[in-house]
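You will see two complexes here that share subunit A, one where it goes with subunit B and one where it goes with subunit C.
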Partner chain A sequence: MKLSYKIKVKNPLGLHARPATVIVRLIQDAKSSVSFTCHNETVNAKSIMGILMLAAGKNSIVRIDVEGEDAQDVMSKLTEVFENGFGE
Partner chain B sequence: MVTVRQVFDSYKDTLVFEVLGGKKGFSKSIKLPEVHRPGLSLSGYLKNYVNQRILVFGNSEVSYINDLDSDVRSDRLSSIITQETPLVVVAGKLAPPIELINSCNSLGVPLLRSSLKTMELQSRLTYLLLEKFSPTTTCHGTLVEAFGVGVIIQGDSSVGKSEAALSLIERGHRLITDDVVKVKLREGLYLEGYGAELTRHLMEIRGIGIINVAHLYGAVCVRDDKRIDMVIKLEVWDDKKFYDRVGLEEKHIDLLGVKVPYHIIPVKPGRDVALLIETIVLNHRLKEMGYNSAKDFNIKLLETISRKQRKRKTSL
Partner chain C sequence: MEEGLEFRLQGAPVSEGIAIGASFFINAQADESIPEFSIKKDQVDKEIERYRLALSDCRVELNYLKKNLESEGLTEAVDIIDSQIMMLDDPLITAHVEEKIRKVKRNTEAVFSAVIREYEKKFAKMKDSFFQQRLVDILDLSKRILGHLCAKNKINFSEIPIGSIVFAKELIPSHTAAIQASRVSGFVTQSGGGNSHAALIARAKGIPYVSSIDVDLFQNLQGKDIILDGQTGEIIINPEKETLDRYKEVKTRLKTSYKLLQQDVNHNTETVDGYLVHVFANVGNLNDLEEMHNYRPEGIGLFRSEYLFLEKHTLYISEEEQYQAYCELVEKSKGVPVVIRVFDIGGDKNPELFFEHEKEANPVLGCRGIRFLLRHPNIFRTQLRAIMRAARDADVRLLLPLISDIHELEEAKRIIAEVQDDLVDQGVVTKRTYQIGCMIEVPSVVFICDAITRESDFLSIGTNDLVQYTLGMDRSNPAMSDFCYPAHPSVIRMIKMVVMEARKQNKPVTICGEIASNPIFIPLLLGLGVNKFSCSPRYIPYVKRAVRNTVLLEAYDLAQSILQMSSPIEISKRLVEAYSDSLPLTKRDKSSSKIEQVQVLVQTF
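Right after this comes the complex of A and B.
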């Protein structure tokens, strides 16, 4: 299954080291491949360095692409942490 | 998309640009990385004229316009400068004819002046534009330089790419970038890899966190960019899969239209991945020098077989 969803970064500091850790921990066991696209740059979301390289600030739009058998589950987990601003 | 503003901002120091007019056209996009001297077109010959090229006016163009009758000047200029023209540059710090400034201003075509000589400006601008227009892509992997060979180490997350890179660094090789490699096609021929400014020389190691390789191991262990010579994929060992045992077959992977040698290394505990990578690299260098271990061995083997057969025949 292939899913794509655009989401806004809500927490004030953007995707810095801590949110990146939250994201990677959430999806590291996922079977699906996950990528983030922001400012025309696409990276593997299972890589901390990748997410950090995006340097996505508050209110920037990130496109999440998930492909694989557990795509639905991964996508709902990801949108949830983005929505609650990674608890920040 | 490349705009005039981007070109101006990036090269205003190297090409010594100053703005003379057409400021409202700075947001225009440049569609072709081509620089044209409109000498022949100015004389009225407009067959095969492409109006999306950047125009460079040198000494001959400017003096030609100045020699024309004043009523013809605007006519000739308006036939080569249209709204499609992305940019006009006057070289050699020449004073542009007033008609040129007027038509650039009225059409909103940016007019710049450079103090470089015409030929120098033309060749440098073409080179820089080709750089800006060259295709790029991002790929997941770690780029290292081992024995002067640029290697992208790929593989699923947690297969041990960063650890392999770390052992290579420890053995005196160099890191270019970890996890995210930006790849650029250079001169349409070869690939160059580099890392993002922000995460340059940083690595993430499971259980340790983010480390700065340049600070830990010193400047000798890092590089900013490197030509990509091969891709090595690390894979979790699969007993059912058949891995290359002889090395006669050469695999390639396509990156931006360039064929790059490709190797798969199965990983399992106890295999020294850094040593394996070093060996592949050395073997690659040997091949580049014209010596292929596997082929050479096979030729020897075939010779031995045929010699044995001849012996058998004569003894019969």
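Right after this comes the complex of A and C.
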């Protein structure tokens, strides 16, 4: 299954180290491949360093692409943490 | 000092022999920038393994750091460390770097720093300064990883020019263990006494070694001609031709006399009056086994199993990997009995293995030897399973290090029996009896040796630790090394107690400390009733000759007179006299200079 979704970064500091850690923890064991695209840069979302490289600050739009058998599950988990601003 | 002028430094002799070669300072190298070189195809896996090891060392270190920060309540700092720990699993750090190593075939440090530089460039382009600052975390982590890569690699022995004399602040056992005697011709260090583990290994490998030289003062002497005299502890820098010629001659003479000794290792080892003595080898490395057979030991009296995996910097080694190593050990020992001492870690031996555990204020008195294994039964069981699978019908015996209490011995025996029962139940091995021996190296077991002997199949007296625990002196402390030697009457009396008890109960007892490789102590030990010695293979010829020159009855008298003495100085003097008397040559011409020479021998051991 292949899913794609665009989402806004809501937390004040953007996708810095802590949110990146939260994201990677959430999806590192997922079977699907996950990538984020922002400012024309696409990175592996299972890599903290990759996510940091996006330099996605507050209000930037990130495209999430998920492909694999558990895509649905992964996508809903991801949108949830994005929506609540990674608890910040 | 002027360039090119001969000058001499006096250090403490640690391992005998003469070395002539160019100086190579390893600390001077460590400060330089990251080494870069290409690697061959078949080295790729090794490089990757080295990289993984550095990452796992990093993880251990970060976890330790995290625990400390947590206990201090510094949650923000804990978060930073947490994300660094996570980053260690980051595909950019793991798979990406490994792929690169495979692709570009360069050393890990070079590839890793190139990846980080690439990353840095991407960050530099960012407009958002907040994100640019995140780079700090990554650079911090990369420094840490590089630190681990280079720390383990500080001494990359394959890069040292062949025949060098290595100058270092200090040597740790995994360094010395990694060295091939053919590459390095000598060692000079600042710290590390005559009884440190690095010294034992240097001696076992026949590498001359001098310590207590202020290495920092001579950093500018890289690549100079050096003569190292392991007998006197003298270092000669820029030797003149005459000096060089004289030392070359001494070196050849030492070599020939050793060769002569080696020729008669094949004969039975008996005292003059026909008392049969058994000589075994101490081994810690599978590569040494082939050479060991040249000295015809009756078996391996002490196989230091922890040395097999020193370079791994962890003891969580898979059963399969250990199994392979023990199979090789059994095969290469060609049917002679092998005493495997189970992992003896801690103390001054391999502190890095302890990093993940609690830091100890006093590691030598801490969780080492059997204490460590009983607290980490998984490590113990894995090792036992691997040994038992590899041993099958071979004459393999198990030796337990640092027993200080009867319960430790009972508990270890219980675990050994359990592991064997499991393996038999699983149909992996067939039932057989393992002889289980006990190291005598803590004074407490000397005083309960009646009970210990009853519970053991054999005993092995490790005099190095016994001396340090009895005298309360740190054997790796150079300031103590002059005093911390086994001619102390307390040690000699303890050896006697143990040997008497073992004889009473008809259990074999072997001496396996350095004392067993020192010819000067052989007559005394024989007189105390010892008839099994285990020493580094190179010393076997000396030990055999010392036995052959001894008359047992005289040795008995010697032992009786020494047991009456209370001063270690008096005892060493008496030992030296007895030894010079036993030498056929000096019987005719007992010059005082001969005694002086022997005196030097006592000190170097």
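Criterion: the second predicted complex is superposed on the first by the 88 of 88 C-alpha atoms of A that agree within 3 Å, B and C clash if a C-alpha of one lies under 4 Å from a C-alpha of the other, contacts with A are read in each partner's own complex, and residues count from 1 in each chain.
We take it that a contact is a pair of C-beta atoms (placed from the backbone, for glycine too) under 8 Å apart; a residue touches a chain by one contact, two chains touch by 3 or more.
As the structure is a prediction and not an experimental result, all values here were calculated from the model.
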| item | value |
| --- | --- |
| Subunit C versus subunit B on the shared subunit A, clash or fit after superposition | clash |
| Contacts of A:63 with subunit B and subunit C, given as first, second, both or neither | neither |
| First, second, both or neither for A:28, with subunit B first and subunit C second | both |
| Partner contacting more residues of subunit A (subunit B vs subunit C) | C |
| Which superposed partner A:16 touches (first subunit B, second subunit C, both, neither) | second |
| Partner chain in contact with A:53 - subunit B first, subunit C second, else both or neither | both |
| First, second, both or neither for A:42, with subunit B first and subunit C second | first |
| Which superposed partner A:6 touches (first subunit B, second subunit C, both, neither) | neither |
| Intersection of the subunit A residues that touch subunit B with those that touch subunit C | 17, 28, 44, 46-50, 52-53, 55 |
| Residues of subunit A defined as touching subunit B within the complex | 17, 28, 41-44, 46-50, 52-53, 55 |
| Contacting residues of subunit A [partner subunit C, same complex] | 13-14, 16-18, 20-21, 24-25, 28, 44, 46-50, 52-53, 55, 57 |
| For the subunit B and subunit A complex, residues of the former touching the latter | 138, 140, 157-158, 178-180, 196, 198-199, 202-204, 210 |
| Residue ranges of subunit C touching subunit A (in the complex, touch as defined) | 79-80, 82-83, 86-87, 89-93, 119, 122-123, 126-128, 130-131, 134, 137-138 |
